[in-house]
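Next come the structures, one after another.
After this come two complexes, each holding chain A, first together with chain B and then together with chain C.
So, the complex of A and B:
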């Protein structure tokens, strides 16, 4: 077994654009669930909409800032559409509606009626919308090696996307930290605990929930852009499993913490790769083929999530004391 | 009876005031109200000299069942009005309607002359009518001081945009914190300042909820069974707090199903049974009212309502009754 290669790959995974994208998506979900108690089971829908909004407007020839605004606008509209009918109702309604709405986005995106716009189920090729992003890079073309990690400077799976992705993650953490420790965040926390109590104190609960839903969704949409920049927009790779992974990451790292989503994403993707690599080089192919090892990896994810919720519901960074208190 | 110090109310700026000779002011306010109420008819829906709440034809049906059917009700400004009645009389439902937590089947009402029917709960609260809940809603996983801060109004940092710039809300936050600490001291919760609200006892949570409601300096507080589940030692100081609120000019409407709890502190008593108001009057006379005795018959068969043994029955610790009465009045 080649440990050097495996560990290099794992370290690479820790800083991969995908890891950053998931961290960002989980930060968005943390605004929903961790700060406000909203059950959004459609974060992948926000991500896919962001990806479509960015890619389609770039392909249409819009500059990158306009494409970014389109992605954000898509998330705002999606958040409003989901929130207006559900946020006045009990929490479970939002959960059901978000699952369904994210699926609707995916199914509409892959429908052949929209082939000209979304490329239907085969999606949009990365090269058709990457250029304006890569053109912003200050680096010369070529490859750079830092320690054992070597990537191209600008194209596709580059240092440039890594830098932008992780800077965005850092900014999102800063934003969440600032908001969480502000009077606004205090109102959200109150809503998470008991929204009638907060209502009785004169706060417009509906407006706060809407703001949280939209803000977390916008962060999700930006995550979607980071997710698709090194690859393609493929609706079927951004469905329910993606939402499920984002939830696992959030719970793994610790909901309602600032760095939980980041730590969660790194550990999730790092551990998954480690398990799969080790199995590939130790388990004989007759016992488990590559395909099965891939699936086994996801089984481990599922079991981990279950164990986590049972034995460490506060996640890695969560406050045990806080969670130990019976909410009602 | 609570000491003078505990009766003190922080003034508008959050600084303590001496508030004159409180010990003298307490009885005189009660006496003044007694005189004001003395001339009123003792009938349901009787008009008050200076009503702050006026409700008309308020009904609420649940399926075929009528939970509230109030023809006319006026609540006097600056007085302690007790809303009593057996369990299931519709007291909580009426509270929910008046505070916007439930929608009536019919009816209208005004608060300080402005119509409040159909107004959402948060707006009702902002207009100065703040309530507490029968089942305490302390925000368990927030600290006591954070609970208190949440009750404050006029914090610009509660807007998403302003929240990002601490310079815009830090100074208000300091004022709010000072005000919260004073109230906590007054309610003897200051030692619990940084504990999670969920770790408090039932009675302390009731106190916290009441203190939190006062953070917005409401013109009227509506307390739904503030004494329920509170241990007898705290009951005494709770009653004291309610009286001192009144003495500072706040209107208090509070629900209680045991009339002995209210006898000594309320200026006026409204009795509900099966959704209707069956009697109104000063506390002493209302207890002898035939309609009231009838209303309570289901719960306490044939017992004299003035009999303090009823209180023993309702309260696990009978010692409480001995300390409640005369001095407080």
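So, the complex of A and C:
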């Protein structure tokens, strides 16, 4: 077994753009679930809308800041549309509605009726929208190696997307950290713990929940952009499984913590790659094919999620006293 | 504490219900192809000195492979029927040169697909020995059709569109002919055809969603892994028929038993301990999601990601006036209706059934009046899972194929159905399923068919907006 190669790959996975995108999406979900107690099972819908908003407006020739605004606007509208009917209902209704709404976005996105706009199920090719992002890079073209990791400076899966992705993650962490201890954040935590108590203090619970839903959704939309910049916008790769992985990441790291989502994302992707690489080099192909090892990895994810929620709902960094998942 | 009489009577009703399920399955024997399960001949034809090939690749309008389409090649060497493989590829070997008539069986096309050029089917190709002749059948809206565009993607194992088929197997696709005469694309025949498909789909959906509704009613759990119970039924039937070579009836009955057993085991080893530990409902909901992920990939691990055809024979269709229905669908619907009637009888007229409704209504009150709530929940899990399994078997036959994600895609439709009917009420699930079934199929008439599930989900959101307790539910459930 070639440990050097495997460990290099795992280290590469820890800083990969995908890891950053999932961390960012989990931070958004943390605002929903960790701070406010909202069961949003449609985070992939926010991400997909952000990706579509950014890619389609860039393809239409808009500058990058306008495309970013379009993505954010999509998430805001989606959050409002979801929130208006459901935030007054019990938690699991929000779960069903958000999961359904995310599916609606995906089904419409992959529909052949919108092929001109969204490219239907084959999606939008990365090269059609990543130019404006790459043009912003201050680095010269070429490759750079830092330690064992070598990536191109600007194109596709580059250092540039890594730097931007992780800077955004850091900013989002900072934001959550400030919000958590602000008066606004304390109201959210109050809503999570006891909605009626907060209402009796004269707070408009509905408005606070809506603000949290929209804010977390916007962070999710930005995560969607980071996710699609090194690849393509493919609606089917951003369906329910993505939402569930974001949840696993959040619960793994610890909901209601600042660094939980980041740690969760790194461990999730790092451990998954480690398990798969080790199995690929140790398990003979007759026992388990490459495809089966891939699927085995996801089975491990599912079982991990179950065990986590049952035995350690506060995750790695969380405080069991602070977060009672069943506040509602 | 618990009166013995109740136990005896309830285990008897349980046995009666099980017998009813099995009896209903016995009717499956009437299905075609159940006696001798035929394997699809997907082996690629190799052209050599004594063999010529006719081949082609079928892709849907969306560019995805069209799987399981039957193509008949007829000519000097006799008649060969082949079906397209996972890549949409088909090839038929012939051992004599000459002109062959190639006929594509339109009733085996993936749901919603039509030939772009209906006049090109059947067609004649010239075959030489030692060479391959191509016969391409482009799919898509008929060139002369008046924009009715039924262009749903084919079952694609890689994504979640495997069950885009409601009209699966029914020659509702034949409507390309009637539709093209109408101009608007909506004719009474099409309406009737879609309504029939909707009723079939709704009835099968009801079978699958009753368990979801009753589990919610008795335990308060939104079970996101219920779809995997449906898949389990379909996959077990596939395993029985295609791998073990059992007749369809036996395989179907076994699948239902396995599904029921899985429900029992799940409650015994997972959900009952969680309830005893007082693990909250939200936590349990996330556990069901973890379970769903683990099960989906376990199915993929053992059976791969492609669609699995339980019965490979081409279903024959029956005509009633202006509408078609395949024999498989007809028998499936009869079975489903019989079983649903049995469930209704069980809930209304038997002691255990009344206890179930009591627990569903108010567990604390039910417990106080001497009903063993945990025992009722065990029964609900077992029979809910068995019904879902039966739903999976029939749905797999109706959609022409099953796959690891069949249930997962139906899950949200099931949620829509039970929410529409009123979460926790068994009859609500029935009514809701029929409405959702009709809605999904009828919406085909006005929106592109690959968006029709989205229509049902929009309805789900609208119900929650205006009448969250559903048609038959009561307001207090919504908290």
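Here, the second predicted complex is superposed on the first by the 320 of 328 C-alpha atoms of A that agree within 3 Å, B and C clash if a C-alpha of one lies under 4 Å from a C-alpha of the other, contacts with A are read in each partner's own complex, and residues count from 1 in each chain.
In this text, a residue touches a chain if its C-beta (ideal position, glycine included) is under 8 Å from a C-beta of that chain, and two chains touch if they have at least 3 such contacts.
All of these numbers come straight from a predicted model, not from anything done at the bench.
Look at A:187: by the touch rule set out above, it reaches chain B but stays clear of chain C.
By the document's definition of touching, of the two partners only chain B reaches A:178; chain C does not. Legend: residue contacts after superposition of the two complexes on their common chain; A:111 is shown touching chain C, with no touch to chain B.
Of the two partner chains placed by the overlay, only chain C lies in contact with A:302; chain B stays clear of it.
Within the superposed three-chain model, A:97 lies in touch with chain C and out of touch with chain B [touch as defined at top]. Looking at the superposed arrangement, the partner reaching more residues of chain A, out of chain B and chain C, is C. Residues common to the contacts of chain A with chain B and with chain C across the two structures: 325-326, 328. Residue ranges of chain A in contact with chain C, taken from their complex: 39, 41, 84-86, 89-93, 95-97, 99-101, 103-104, 107-108, 110-113, 120-122, 236, 239-241, 244, 247-248, 251, 291-292, 295-296, 298-299, 301-310, 313, 324-326, 328.
Listing the residues of chain C that touch chain A in their complex gives 61-64, 151, 153, 156, 158-161, 222, 274, 277, 279-283, 285-287, 289-298, 300-301, 304-305, 408, 412, 415-416, 419, 447-448, 450-451, 453-454, 457-458, 460-461, 464-465, 468, 478-479. Listing the residues of chain A that touch chain B in their complex gives 175, 178-179, 182-187, 189-190, 193-194, 196-205, 211, 215, 321-323, 325-328. The touching residues of chain B, when paired with chain A in their complex, are 99, 101, 120-123, 125-126, 130-133, 137-142, 146, 149-151, 153, 155, 157-160, 162-164, 166, 169, 173, 196, 198-199, 209, 212-213, 215-216.
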